[in-house]
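Each of the next two complexes has subunit A plus one other chain: subunit B in the first, subunit C in the second.
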Partner chain A sequence: MAGLFTADVENRGLVLDPRTKIAVMLTLVVFALGGTGSDTAAVRAGTVAVSILPMLLLAAARQPGRAAVFTAVYAVMKAAELLLVPKTTGAALSILGMCCMIFVRLMPGLVMGAYMLSSTTVSEFIAAMHRMHVPQQITIPMSVMFRFFPTVLEEFSDINTAMKMRDIRIGGRNAEKIIEYRLVPLMVCSVNIGSELSAAALTRGLGTKVRRTNICSIGFHVQDIAVLTLTAGLYFMWILGMIGVIK
Partner chain B sequence: MKGKDLINIGIFSAIYFVIVFIVAMLGFIPIFLPLLAVLVPILGGIPFMLFLTRVKKFGMIWIMSIIMGLLMLLTGMSWPPLAVSVVSGLLAELVYKSGNYQSASRAVITNGVFSLWIAANYLPLFFAAEKYWSTRQNFGQDYIDTVTKLMPVWMCPVMSIAAFVCGIIGGLVGKALMKKHFEKAGIA
Partner chain C sequence: MNDYAAVLQNVSFRYGNSEEGALHELDLKIARGECVLLCGRSGCGKTTVTRLLNGLIPHYYEGELQGDITVSGKSIRDTAIEDLAGIVGSVFQNPRSQFFCVDTTAEIAFGCENMGLPEAEIRSRVDSTVRDMKIEKLLDRSIFKLSGGEKQKIACAGVAAMLPELIVLDEPASNLDLDAIEQLREIIASWKAQGKTIVIAEHRLGWLSGLCSRVIYMESGRIGEDFPGESFFSLDPVRLSSMGLRPVVTDKNYLDTQPGLFQLQPFSSGGNIVLENFRYSYGRKNALDIEHLELPEGSVTAVVGHNGAGKSTFTKCLCGLQRKFRGTAVIGGKRMKPRDMQHCSYMVMQDVNHQLFAETVLEEVMLGADKNSEDKALELQKKLDLLEYKDRHPMSLSGGQKQRTAIASALLAGKQLLVFDEPTSGLDLKSMRAAAGLLYSLRSECTVLIVTHDMELIGQCCTHVLHIENGGIHQQVSLPEK
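What follows is the complex of A and B.
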């Protein structure tokens, strides 16, 4: 997994403010994943629009191939949810329902997460958090964590391969060691990488008492306003639906 | 708290959350859903005990707990985990502080208290069961019935107790592994 929080600043297409991305993410959690206001038709339609938004943003960020694949998957699964789910029963319904759940509700959020990580630099993220007056005690661990996820996953999959070769796997000869022999090496190498990381971050003055400057110019532009209007519209329709103006 | 401490929080939060995430994937199978409160505290106890050896200042455990709550909010578990993690994190912090940030037995209890937020993921299931399932009709009635049968309301306090007890077990496992591996490697 390359390109997480290491966006190529020169060549990333449309740039959104990190705060806009967070707003879209929260909207997706509320409406797509949480299913809020799904008894109102307008909100249901709006949720579809917001769910497709991450794919559009991905396309605007010069990743049209991935965007097309995700959009196609979303379209197929949404169609299946609308047309097939009411007709199936029993075990078929469980399996189909689960697939729809994963792709229709979870996937937009995951795509948004992937977009967010691949199009934002850590500096921009910190700048945005700073503007939102989030204290340093939260921003530093959060940015380290996001920076660290891909490393943990990469190390984990390498350790996994090594342990499979030693037959430490489900159904293998040494299955009882399956957890210990994965978590312990993971921890040891994470701690080592972590201390290198913190040395690197400290050289850049992270965690000092002085006010840090930031070279990133973040701010709201036309594209941010367009995206925010769309998400705000969804909340507006939800409220209208709740007080019974629209159905 | 210095920069290094904050970075340590970030690193261990990442490891912890990867474990939560892998176990949560198992939750799609009904029988594994209640087991979340069992598996996460035990497996998470291993990195958490190592994390505790790094904790020397007030607030580190609390911040990690708040971050877990925020991540739950971002991954669609709604707000109850965050509300609980803010409180349980502070309690865990106080427990470990009472041992001057070095008592090994307090560390085991700390892991138990810290694990309470995991049980909070189930709160909507008990107190807002109807709303919870209305947004999850996709799972199919069979899944819903199975889970409802597995989780009557009296299970609610049981889940919290289970998370706490398993947190203690996880703490002991973590402690044993630290003795076996990490101290030898010089990182504990």
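What follows is the complex of A and C.
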């Protein structure tokens, strides 16, 4: 079950603090996607390092297959950007440039996003929000929402199974109604589950006026410090580049 | 006053979406430390009473409420439901919809976190609850990987960690197998020993014998009779049946299917449905390994076995729903691959809401069939008592009617093999008997397989029992003629 905040706690490998993940995400947006400080050589090298980071984290979270594929794609496209782009012209340049743009600049952020969602549990997420002083009025509805998604997915797969048995499929007799047929039972089941879920939540005291505690132990460990040092280093070099200390 | 955990005085309630009242002028006092069973036919109001005790009525389910309800000296009307959390704990029927976290430890702590207890206190409560309930093995597990019984244990632990005085359970056993029920029984017994007040609404009675000290039989929103535990559990089956209740003692346990025992005959060959090479594994874990199995055409076969024995893998393979499954089946004289099995078999799911798609019952029944088969569709609907509902939306029907709609659609589509997944979980005696009669009558149209833990259902309608354990056939027997 890979999905939103449903990390498999039995087999998750290296665990990072959710706040570290957010920091990496922001750094990727600023440097990889935004191209900040790309006129300084050290920042360019640092950006490559930070761009590969999501793949490494993915590998550390017991998903080596996907990590290897993304790393290979990134390596090829980065090489193409460095070696081929300066030599091409015209239409070839626009196509190649576009591809490099997507895979070199955008992909690391997307991989990081996928890693973030698939490696964090709801409780960790809520604990992190709590530590960052996000108010309870925002975190509680969000936690219930995240809890709701995997259940809806489960329902959806049951409905798909049922449709297979009824021979309702793309290209089948009732193809034009395939969406409608899926939505009606999905909505009915979601409403049922949603209302049972809320009832259960209320009887367990969700929504009391008292401030909620959270026993989920999040905190910065060696791995977090290593990752944060790397990202901080990048910002540091950017500043040095701006004030002209390095080129 | 203080000797009572809960007092209901002259309580009447009508749900907002219903014309009829659910409870009528009910008076009930529950003493501290009592273990009370609420029983009665479906719709007798037992679930409504549990909802009054945990505050879901009137704070969540809206309606017209009269009378006074006091739990632990607090008036339910004036206490917010969240503030009752540390006083009343609730366990519900459906394990799927009472969880908030993805891992078990966080789930057990969830209620305490909501109460804002200090972290150290929560940890010590979780530890002691886990120790009391002997569920150390379930700590730090992913909830999505637990069985129904294990999920129900975690739900109980989450409630127990909040140290409530009153624990309310609404049909906690209806999705569980016999082993899991036995473990639930132990948990409740330990709560009873700790002096907690327990109220259980349940229609499966056997497992509560010797546990409940008081039994309240409810009849259309009123208390029909108030028994001391001992005298209720020794009532004779005829009396129970006249009250619309299931027997306390299940006389036959089909998980113990030795030939010769209650007239069981061994059965291994002579069936004209032949299944071959039914093997399947999830990764490295072997889930199903049946080389050769014969089923008689037109039989009603109960598929039994403990949770995780491979029953659902078996039925999924049989319906051609399991990917990468390579077995074959001979049905109706034709040799079939999984893809063809999908066309000639149909599974009626436990939650039948998943398989009703159309806007009217008639359209639903006609969905997989020829456009010219309307006459036959109407005939089938008549046979299944659906004719008067043919223009209703399937979702507006009752559970039993939905189930019959699904059956009608499968029969019209010419399915030769019908598989039912727990068709009677959560049904009272009358509905269970009606379902059993229906399933038995399907023999003339097709072959029926029923995956079930319901021993009474098997006794009522099955002709054969297939016992699966560890992915293989443990026993296959035929039952005496009905």
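The working rule: the second predicted complex is superposed on the first by the 172 of 247 C-alpha atoms of A that agree within 3 Å, B and C clash if a C-alpha of one lies under 4 Å from a C-alpha of the other, contacts with A are read in each partner's own complex, and residues count from 1 in each chain.
Keep in mind that, in the parts below, a contact is a pair of C-beta atoms (placed from the backbone, for glycine too) under 8 Å apart; a residue touches a chain by one contact, two chains touch by 3 or more.
Nothing here was measured: the structure is a model prediction, and the numbers come from that model.
Using the contact criterion defined above for the overlaid structures, shared-chain residue A:G109 touches subunit B, although it does not reach subunit C.
Using the contact criterion defined above for the overlaid structures, shared-chain residue A:M145 touches subunit B, although it does not reach subunit C.
In the superposition on chain A, A:A162 makes contact with subunit C only, while subunit B stays out of contact range.
Applying the stated contact rule after C-alpha superposition, one finds that A:R212 touches subunit C and leaves subunit B untouched. Look at A:G35: by the touch rule set out above, it reaches subunit B but stays clear of subunit C. Look at A:L82: by the touch rule set out above, it reaches neither subunit B nor subunit C. When the two structures are aligned on the shared chain, A:V191 is found in touch with subunit B, with no touch to subunit C.
In the superposition on chain A, A:G97 makes contact with subunit B only, while subunit C stays out of contact range. Touch criterion met: A:T121 reaches subunit C, while subunit B stays clear of it. Within subunit A, the residues touching subunit B in one complex and subunit C in the other are 143-144, 147, 180, 184, 188, 192, 197-198, 201-202, 206-208.
Looking at the complex, you find that subunit C touches subunit A at residues 54-56, 59-61, 80-86, 88-90, 92, 94, 96-103, 106, 109-119, 122-123, 126, 140-142, 144-145, 158-159, 162, 319, 321, 342-343, 345-347, 349, 351, 353-358, 367-368, 395, 409, 413. Interface residues of subunit A, counted against subunit C in their complex, comprise 1, 5-10, 121-123, 143-144, 147, 150-151, 154-155, 158-159, 161-168, 173-174, 177, 180-182, 184-185, 188-189, 192-193, 196-216. Note for the complex: subunit A touches subunit B at residues 25-26, 29, 33-36, 38, 81, 85, 90-91, 93-94, 96-98, 100-101, 104-106, 109, 136-138, 140-145, 147-149, 152-153, 156, 179-180, 183-184, 186-188, 190-192, 194, 197-198, 201-202, 206-208.
By the touch criterion stated above, subunit B contacts subunit A in their complex at residues 1-4, 6-11, 13-15, 17-19, 28, 43, 46-47, 50, 59, 63-64, 66-67, 70, 73-76, 78, 134-143, 177, 181-182, 185, 187.
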